[in-house]
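So that you can tell them apart, the chains are marked A, B, C and D in the order they are listed, and the count of residues begins at 1 in each.
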Amino acid sequence: MVKFLPLSEAVAGNLNDGDTVAFEGFTHLIPTAAAHEAIRQGFEELTLIRMTPDLVYDQMIGMGMARKIVFSYLGNPGVGLLRRARDAIENGFPRPIEVEEHSHAGMANAYEAGAAGLPCAVFRGYRGAGLAAVNPNIKTVTCPFTGEVLAAVPAIRPDVTFIHAQKADRKGNVLVEGIIGIQKEAVLAAKRAVVTVEEVVDSFDELHPNLTVLPSWTISAISVVPGGSHPSYTHGYYIRDNAAYLEWDEIAADREKFQGWMQANVIERTAADFAGRVEHLRIAA
Amino acid sequence: MVKFLPLSEAVAGNLNDGDTVAFEGFTHLIPTAAAHEAIRQGFEELTLIRMTPDLVYDQMIGMGMARKIVFSYLGNPGVGLLRRARDAIENGFPRPIEVEEHSHAGMANAYEAGAAGLPCAVFRGYRGAGLAAVNPNIKTVTCPFTGEVLAAVPAIRPDVTFIHAQKADRKGNVLVEGIIGIQKEAVLAAKRAVVTVEEVVDSFDELHPNLTVLPSWTISAISVVPGGSHPSYTHGYYIRDNAAYLEWDEIAADREKFQGWMQANVIERTAADFAGRVEHLRIAA
Amino acid sequence: MSDSESGFTPNEMMTIAASRALKNDDVCFVGIGAPSAACNVARLTHAPDITLIYESGTIGTAPQVLPLSIGDGELCDTAVTTVSVPEMFRYWLQGGRISIGFLGAAQLDKFGNINTTVIGGYPHPKTRLPGGGGAPEIATSSKEIYITMAQSKRGMVETIDFFTSFGHGEGGDHRKRLGIETAGPTLLITDLAIWKPDPVTKEFTVVSLHPGVSRAEVQATCGWTVKFTDALEETPAPTALELKTLRDLQARTKAAHAGTGKGKAA
Amino acid sequence: MSDSESGFTPNEMMTIAASRALKNDDVCFVGIGAPSAACNVARLTHAPDITLIYESGTIGTAPQVLPLSIGDGELCDTAVTTVSVPEMFRYWLQGGRISIGFLGAAQLDKFGNINTTVIGGYPHPKTRLPGGGGAPEIATSSKEIYITMAQSKRGMVETIDFFTSFGHGEGGDHRKRLGIETAGPTLLITDLAIWKPDPVTKEFTVVSLHPGVSRAEVQATCGWTVKFTDALEETPAPTALELKTLRDLQARTKAAHAGTGKGKAA
């Protein structure tokens, strides 16, 4: 059954060295606070899964926590490259990192298959694409009715998934709304799921019946962390801090500057700092 | 581009003799008015697809319009058997009818594959089930990663799908809410789609972003038919006429009683009669 | 046990015995024809947090009256969330999230195999029944299957006419041999008795007789030779609270359904 | 044509020429790195009903400012509906509902094959680029592909280092031979010219030069030997309305993005 926990306990109780972990969020609702907590706790040898790695994986890779990354778009969305991830792949700094690369369609279908309890996903993909030649986890199956050859990828099944969401009710049901991305699938595909939320409300009785609600029994732990997705955003609460994404490009370009920034902004901080970071980005009620 | 049409024109312009057609609705939002219009127009040699055939297919089969039925539950939900369908299958009356039978999982996955543009659906199903032996459209594929043998069924691709929905906006976008069933997939899987709605509103600007809205360009024609799903129901408008389902069991039990009822309640009526049928079932605003 | 004050019918006993088998943390898939009465009595008595899922897409529903169909509006109105039918079958059932699948049966054999498809041969049936609906995959994807039905020689047969949903097949390890990893039928509750599969042969064996029921009555209404466990028990009679909860639920249901419609046109 | 009054930059010409290629009934998939400016200029001028889809799940979106990322809140706020990412790639892209997939490129060859993955070898790249995102399947599932990029010898190359997304492969019927049934790249719009594939060889051929651009300039900024069509045209210069629409959009965008955050912590 779901537990409401401080973020430090939720992370310590659900993430382990060597785990396969997904911190998911498709531009929206990126679980930055949970990722920063994982960085502070210093986990090692992680396999990081995410469609759009972005800043938090750049940070975890730069801190040497990852042995492998599984992704489909390794960029700073709308800005450019991820410079810490580049340094690891191109130069093995601070350590070499294994790469498993897919397309968005491949990753989305693989999460879907994981949520659906299937061993693999089948779709029309990777035709003529170079990835099929360099990723041994891209295979084919043949439609037994038409003979069409389709792509197959293994289902994604993280040990633990972290997501950020708008709110939980007191029973521990969780609402995700706006650009919902791959969050539901990432939670349902995982053995354990930890959710940070902006707030807890008494009940969801007044919600529209067709919204994306994750029932409490699909979640391991919930932590209340207002602002927890900054510099990403939370639909209905605060807007995206585009300036921070632009700044990251400079911070991550230099190994020492990166370390200094991490020390000052992650290592020496706590989850409680996130509320202040979104104060000027909040949407007027 | 979508057209707003009287139901008689929408049916005449989109349904043809010999078509493969789905009138979908999972207990909720059954497009009864559209089915009755199709009966009045007297189409022949139809292949009828639906997870839960229920009364409207019992009526179309009883009127001799179907050459084949594809389904997963051939019952009067909560009441019992479909007696006109039984008469056709057991006794070839009023004509023999071909049967292609699946499980709900098989049909749901087949519609999903149709909406997704795939030739077949792959899932874990039919294990130990007798249907796999009697339905040649149930085959297998083998997961190339684990060797697990999975079920495969052909995608469903109707020539035309009919659904009933709550409302359209003036541009022809359509909202479906409540028990949404298989409606979105049935529309997206079809070459053409016709939607009956309770009402047309100015705009959907105030709708929650994650509701089930079918964009106007996915729909061929919209007809405004208040009460159009009676004796099924429309979430937010009127409740299910359970008494009518119980009565149907008696009407359909007798060939002559059935013919008399169809003459009085379908052939000699129009789509405009539906509004009156739900008057006593309407939900107080 | 069944004195005049606490009188109850065999069907009430069946529903209440079934409700007792459900736990507070169960996630229960209530398929077509299944006793949603039992699930809701459990919810209204000892298992207030039980998760009830109907295949129409309603998850965590808590209806005040029993639905006539598995897609009544009441189920959606009271659910935690309502999802599409493909999602229901992919993420929730096939995803392995259901602890108990609750099935009824037109024909049942001693190994928990169920027929709701045809009486007679499949191509030219004597009686065409509604078919499986969700049952074929409920039977293999749920962690366990509970079956409930009133006993009759027509219903409980040596050989079923069609394998709508697979129980233990020919018994023993037949499920495993087909690659099915879930437990299958672990409980059968009839109007006369409680049955559990033999640990090795998987044949359903009577473990408890309902109050006032004899071994002979159980055998007389069953088409196969019935096995009884050595340590045969008597099912505790319904408590006053259980009976009141069930009867109130059924009364509310009757009143609600009678109120709908004159049925002028279907 | 480019007198001082109606002056415009090559990039503005590129965006506006691309916007003109879009029709009112197009369903346009705007992938990572794609010129959403062109799509939105089309929407704000001659194609008010164009459907813009971003891979974040936003369908029929009409942003007032250009998004920095493909998942900005503005896209959701103005969309007809917002769906999950698996649904986006299964029902909307793979479902064959996209008429125009709009792609950018880090490296492009003459047959419309695109690389946004690596410079150098894949296992040990000289430069690790972001990768394909949605592009591999956008390139094969959209009915047609439009490509837009500023010309440079580094970007328009004889041989790309990695096939992120497939254009016409080695040319001719290579797509068909791989079982790809869609048309592939049918239009390339650069800052200097408009290109279309030869009907037979599928090699991109210049069909129109932007105002004031010479053949020599096109060749000087392209890594392969450029073919020009016989009936070479001149691209009409941006109209005052087109320029004003684009510049207003960019000004609104700049103001909106500058307003967010001090970037104290990422």
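As a working rule, a residue touches a chain if its C-beta (ideal position, glycine included) is under 8 Å from a C-beta of that chain, and two chains touch if they have at least 3 such contacts.
Predicted model only: the values in this text are computed from it and were never measured.
**Student:** How many links in the shortest chain of touching chains run from chain C to chain D?
**Tutor:** Counted as steps through touching chains, the separation is 2.
**Student:** Looking only at C-beta pairs that count as contacts, which pair of chains has more of them, A-C or A-D?
**Tutor:** By the number of C-beta pairs in contact, the winner is A-D.
**Student:** How many angstrom between the C-alpha centroids of chain D and chain B?
**Tutor:** Here the centre of chain D sits 41 Å away from the centre of chain B.
**Student:** In whole angstrom, what separates the CA-based centres of chain A and chain D?
**Tutor:** 28
**Student:** For chain D, which residues are shared contacts with two or more other chains?
**Tutor:** 76, 82-83, 90, 94, 141
**Student:** Scan chain B for residues touching two or more other chains and write them down.
**Tutor:** Expected reply: 112, 116-118, 123-124, 148, 178, 180, 184-185, 209-212, 235.
**Student:** Taking the touch rule as given, give the residues of chain A at its contact with chain C in the complex, in rising order.
**Tutor:** Those residues of chain A that touch chain C are 1, 112, 115-118, 173, 184-185, 188, 204, 209-213, 215, 217-218.
**Student:** In their complex, what parts of chain A are in touch with chain D?
**Tutor:** 26-28, 32, 51-52, 55, 71-75, 77-82, 85-86, 89-90, 101, 103-105, 108-109, 111-112, 123-131, 134, 148-149, 178-182, 184-185, 212, 230-231, 233, 235, 239-248, 251, 265, 269, 273, 277, 280-281
**Student:** Applying the document's contact rule, which stretches of chain B touch chain A when the two form their complex?
**Tutor:** 116-120, 122-124, 137, 139-146, 148, 150, 152, 154, 177-178, 180, 208-212, 235
**Student:** Given the complex with chain B, which residues does chain C contribute to the contact?
**Tutor:** 32, 55-58, 67-73, 75-76, 82-86, 88-90, 93-94, 117, 122-137, 139-141, 162-166, 169, 174-175, 178-180, 257-258, 260-266
**Student:** Within the complex, which stretch of chain C touches chain A?
**Tutor:** 25, 27, 51, 59-60, 76-77, 79-83, 90-91, 94-97, 141
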